[in-house]
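Since the structure comes first, as structure tokens, the remarks are kept for the end.
Going by the order they are written in, the chains are A, B, C and D; count residues from 1 in each one.
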Amino acid sequence: MAELAAPLPTWRRMAANGRVLWGGGFLLFLALVALFAPLLAPHDPLEQDLMLQYVPPFWAEKAEPGFVFGADNLGRDILSRLIHGSRIALTVAIVAAFAAGLLGTVLGLLAGYLGGWVDAVISRLVDIWMAFPAVLLAIVLVAVLGTGLHSVIIAIAVIDWTRFCRVVRAETMAQKEQDYVASAVTIGLSRFRILVREVLPNVVPLLLVLLTLEMGIAVIVETILSYVGLSIASDIPTWGGMISAGRQYVHQAPWLLVLPIVCVVLTVLALNALGDGLKDTLDPVMRK
Amino acid sequence: MSAILDIRDLHLDIVASRRRNHILRGVSLDVRPGEVHGLVGESGAGKTMVGKVVLGIAPPTAQVTGGSVRFDGGEITHMPDRARRSLMGAGLALIPQDPMTSLNPARRIGDQITDVLRLHLGMGAGEAGERALALLRDVHIRNAGRVVRQYPHELSGGMRQRVLIAIAFACRPKLIVADEPTTALDVTVQRQVLRLIKEMQENAGTAILFVTHDLGVVAKICDRVTVLQAGRVLEHGPARRVIEEPEHPYTRALMKATPRYDRPGDLLEPVPPALVDELNAAAAAYDRERAGA
Amino acid sequence: MSLGFLLRRLLLAIPTLVGVAVIVFVLLRIVPGDPIAMLIGPGATPADIQKLRELYGLDRGLLDQFVLYVGDLIQGDFGVSISLRQDVMELVLGRLPITLELCLAAIVIAILIGGTLAVAGVYWRGRWPEAGVDGVSGFILAIPDFLWALLFILFVVIFAFSGLPISGRLSHEIRFDALTNFYLLESLVRLRFDVFGSVLLHMLLPALSLALPLSAIIARVLKSSLNEAMTQDYVLLARVKGFSRIRIVAREALRNALVPTVTLTGVQFTFLVGGTVLVEKIFSYPGIGNMAIDAVINRDLPLIQGLVLTFAVLFIAVNLLVDMSYAVLNPRMRHG
Amino acid sequence: MLEAEDLRLSLPDYSRKPLFGPPPLVDILKGVDVSVMPGEALGIVGESGSGKTTLGRTLVRLYKPTGGRIRLGGRDITDLDEPALRPLRPRFQMIFQDPQSSLNPRRTIREIVAQPLHVYGMITDRAAARRRVDELLERVSLTAAHADRYPHELSGGQRQRVGIARAIALEPTLVVADEIVSGLDVSSQAQILALLRELRADMGLALIFISHDLSVIRTVCDRVMVMLDGQAVESGSCAQIFAEPKHAYTRRLLDAIPLPDVDPDWLRTASIVETGEDLRMNIKGSIALVTGANRGIGEAFVAELLERGVAKIYTAARDPSSLTASEKVVPVKLDVTIPGEVEAAAKQCGDVTLLINNAGCNFNAPLFAEDAMANARTEIEVNYLGTLSMIRAFAPVLEANGGGCIVNMLSIIGRVNLPALGSYSASKAAEYSMTQGVRAQLAGQGTLVVGVMPGTVDTRMTPGGETKPPEVATAALDAVEAGQEDVYPGGMAQGVSQGLAADAKAVEKEFAAYLPE
């Protein structure tokens, strides 16, 4: 066949991928909202006004101007609470996912690359971890550590590192069998350098995908913990806390439950789309 | 004698992500009843695609843009699926390239032979089972009774290729497309399998379109040869003539580039880049002309 | 299937269980806050507290407590629940059937929905139903089980859909003196179809909540492994043999595609079982998941221990079942 | 330059891992000698599974051999660890079979070629690195335009050139090339081979060229070594081996190459039936009968069979009281020289799938010993007639059970007479010949017939023998599972069999030296 045209660079392929675009775009939007929450929120999310109790959102008849999504059981502005809630959601998503990713990746790389007893110990550890019900373990952990942002992040990292560990271990083992590793040995690279400089870059694309998906999971776990009242102090608005309150007053004001759920679902959808899109654009380097 | 397979001026493009690649540029060849017709070329020449078009298993991205394929007198180029299915097995069959992946790992060998017998010849289970045993004996599998009960992973590569040959000949088709049937095998096994194909073919009087890249294999098993490069037929003729007195410079160059242990004095001569460039330019010119026409 | 392989898997489960037990012990001994203090009213004397601490063995050193704990576990003694003051083993075993029935119902639903979606997507490959299947499964997947539960409740509330119960397991109007806690089975055996219907109806929404995310995963994995199998050489050969597309999907591709699907479904099924913790709570469904949250809130150490270990045993059992199913699906695993 | 002696490598076989303990080892290399002179090209040829790739990787110490020595320029590198090897690495490089897998997909061609130079500090500044890489690429007929591409953007031939450029970057004195043209079209193949010849001439490279294709080897190499099943069956100069191959396998390999000449006889003379490979059977779950089970090799067979998960074993001996029964072991009274007992055994053991004819007798006497005639009669009676009557009785049993397998315990001195044991030798020769006949007769019913020909075995018959009984049993049962028809356990037997294939008369003369005292 004639000379192949040079393929598009990776970033161009990403920009051309619809899922990467919408997932990334939504997350960027969310990040900006979280960053400028105090400026964007029309009201103080904690300000209570019992006169405004259960004001419905704009599409209902008795809507109150200035309270686009209505107000909750204590008369607090829903929109402002949703905007502020994005801060916790994003913080947890990013920090917890990276913490879990770091722990799992290091252990997975070591297990996959070194093999032998290191692999045996780490794999057994993963088995033990996988035998715990994740949600229950998270709840127990936060109960043990005490509520707070730190506890939530630690709980997620401690529970979800196994996802990274299993996948990275398998991928590292597959990469180790490739001849470029053998050829690195013959040109005198040290074991450690081969792992870090040769194998790791080939695992990174997979890692990015996992990280994106893990962020979605972190958002969900944080919501669960808030829902059972074990996440952050109750005076900070979180989507999970709002869902919990919404469940309580579902008969009086169903929209209290709808709106935060929509936020969570949209965020997770965006993260999943980004992850799937990245998988498509980063993967086909050459695996034919 | 009229040809069992008659390909005239076949054009085919692969269309992927808005790019159109010309794969076949007016291929013509005919396979006569009872002959082994070699279709030889290097990778990318389009030889495998010809076989796929004949069998109706070209990928969905492939578009036949011109020409015709006639089998046993009937046009089959754009045949609807249902009609083609009744043609398969009984009329046309395939000996695939890779014996390791071409048998279903989850089904017993016996079932993979009997299913085609039952479908096309309407045999019952018992009759088909007997026939499968006989077929396995025909391909010189010594322990047919045990092999029918085994799964593919329990057999060696050579054995699997024998099973696949048995499947191809099961319904006594008129034409078999053999797509590089020995490329994946060790040389000693290759020789046995080639002999087996020849023996089965002679006994059944089947015609074979033998797709290969190996001029040595062509010389040993083919009656006539068509040489393909960049989707164009460069030369065709009786095997002896093409091998011993190749007309086209490209065929000559391929012969000189093929190493042979019996002539240590001859230095290998790579195909001259100028010749390849010239052929590619001719193909491009052909494309332009066709697009203009 | 080699018995040795199974035996090895079984033996490997033992250190896993031991590991789980150790971690549970360590985790729960560093709990700040005194569970005893929650157990008794403010009027209790220090002597009363001391007595209770001795009763639960909390007054000894950590090592002693561990030895005691392991010894009890081996005898099947999980201790006495602090908040419910009943034997933990009895409590858990009593409620376990409820959760088991719920999970089984959920997995049946998940396989039905997921399998249908996958086969539809493969059959109409490259046409709009495939895109539809991808879109639907992507959307279902983004919503975790407990949000589905809340959405269903919302749905029932908004549309005042009184026919679908959103709490409990059996209608209050029905009297049923059960011998076991397997209501579904028992009512069938005793031909109490009123009970059977009511249990099924109460189970519907929780089971659907648990099933939906898993069904999306099954749809995706099965579809992609079917598609993968459909590109294999043996499928090509089957086409050349002249078989119809539907027969090729069913006879050639399906069985080979099931191995990765079963693997993933096995792992995901454990997540489904774990999901009962929240979903049962939301629907006030009286299984062990519901019990678990109350146990954590009440800091009922023995009960938490018992429940976590029960879940662990359940998970390990599921993984063993998955391993066994390989042998059925993959002839290569049957020898050696 | 590079010398390897008696190289052995065994790798664990995880597919046969027992319930507890480590997996069994499979021998990949079974004692191979290799030597390459400076500037010389050695070809190593073999089919899949011959161990040729493993050998190449062991020679560059990607694997650590489990036995034997490797010397590079006189220095022993067999046991050096990776840091100790590193200073030596520039001297011996490797080009891999699959350039797709051997070039890191995330690095540009320039980075890949420059990497070894950086590692060994052979270039200091960026400009020098650039120049050197451009130079190397030009050397392999690539242009600077290729340098900033990624491996997947090149064609197969171009990628293989990159592999060569990287290998020669350190100016090695030896390069091991493993099947480097097997995935290429003839035209790219011819180019790469031409390049390799040029490089050898320019750089004075010594080359170890591993390939399955004897034609390719002939165009590149001075000497050739033929590998089969982890051993070198023949080696010598190309001129000699291609002109008069000594080993039957080498001849078979040569005959199998389809030269581009029209030759109708080539197909007609091919063997149409596969060799024993397709008759191989799994020991696990089979039902065995072992004769002479109460002694030496017989006991070893029983132990090894149990180890491999046999379903049941009938242990046969003239005096069954010397046998112990257990759950899987059923003792049978059987004297192979008494027809009635053989027939009874065939009835009693109607479920046998693996018959091991181990019973035998050896008077350890020369042909002119005092009792020679009586001894010879007994030896023929037991070794030849006894085995034949067992096979005649059990062949229908095996056929009824789906083919199965017969293992005959022969001896290497059945292939060539050892005068000191002349009478026994002759009886084993008769048994050997009979084994061949039986093999031909029973192939049709799917029965594998294995002849086991050890040297001296350490048993009561020949105490202090070279080979231990368990080794013989292991080799024999491996052969059953591999479908191998002849097996020669132990170094002596292997040496003799190779010697026989090469020059039978020379072996006879050698054995003639062992006259009885």
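As a working rule, contacts are C-beta pairs under 8 Å (C-beta built on N, C-alpha and C of every residue); 3 or more make two chains touch, one makes a residue touch a chain.
Quick caveat, the model's predicted, so the values are computed rather than measured.
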Neighbouring chains shared between chain A and chain B, ordered by label: C, D
B-C or A-C, whichever has more C-beta pairs in contact: A-C
Centre-of-Cα separation between chain D and chain C, whole angstrom: 52
Inter-chain centre distance, chain A versus chain C - centres from mean C-alpha coordinates, in Å: 23
Distance between the centres, which are taken as Cα means, of chain D and chain A, whole angstrom: 54
Sequence positions of chain D contacting 2 or more other chains: none
Multi-chain contact sites of chain C, meaning residues that touch two or more partners: none
Residue ranges of chain D touching chain B (in the complex, touch as defined): 47-48, 185-187, 189-191, 193-194, 212-219, 238-239, 242, 252-263, 266-268, 270-274, 277-279, 402-403, 443-446
Chain C partner contacts - residues on chain A that touch it in the complex: 124-125, 127-128, 130-137, 139-141, 143-144, 146, 216, 220, 223-224, 227-228, 243, 246-247, 250-251, 254, 257-258, 261, 264-265, 268-269, 272-273, 276
List of chain D residues in touch with chain A within their complex: 57, 60, 62, 82-83, 86, 89-90, 93-94, 96-98, 100-106, 115-116, 119-120, 149-153, 163, 166, 170
Touching residues on chain B, where the partner in the complex is chain D: 42-43, 140-143, 145-147, 155-156, 158-159, 162, 186-192, 194-196, 198-199, 213-221, 239-240, 243-244, 253-255, 257-262, 264, 267-271, 276
Of all residues in chain C, those that touch chain A in their complex: 12, 15-17, 19-20, 23, 27-28, 30-32, 138-139, 141-144, 146-147, 150-151, 153-154, 157-158, 267, 270-271, 273-275, 277-278, 281-282, 289, 292-293, 296-297, 299, 304, 307-308, 311-312, 315-316
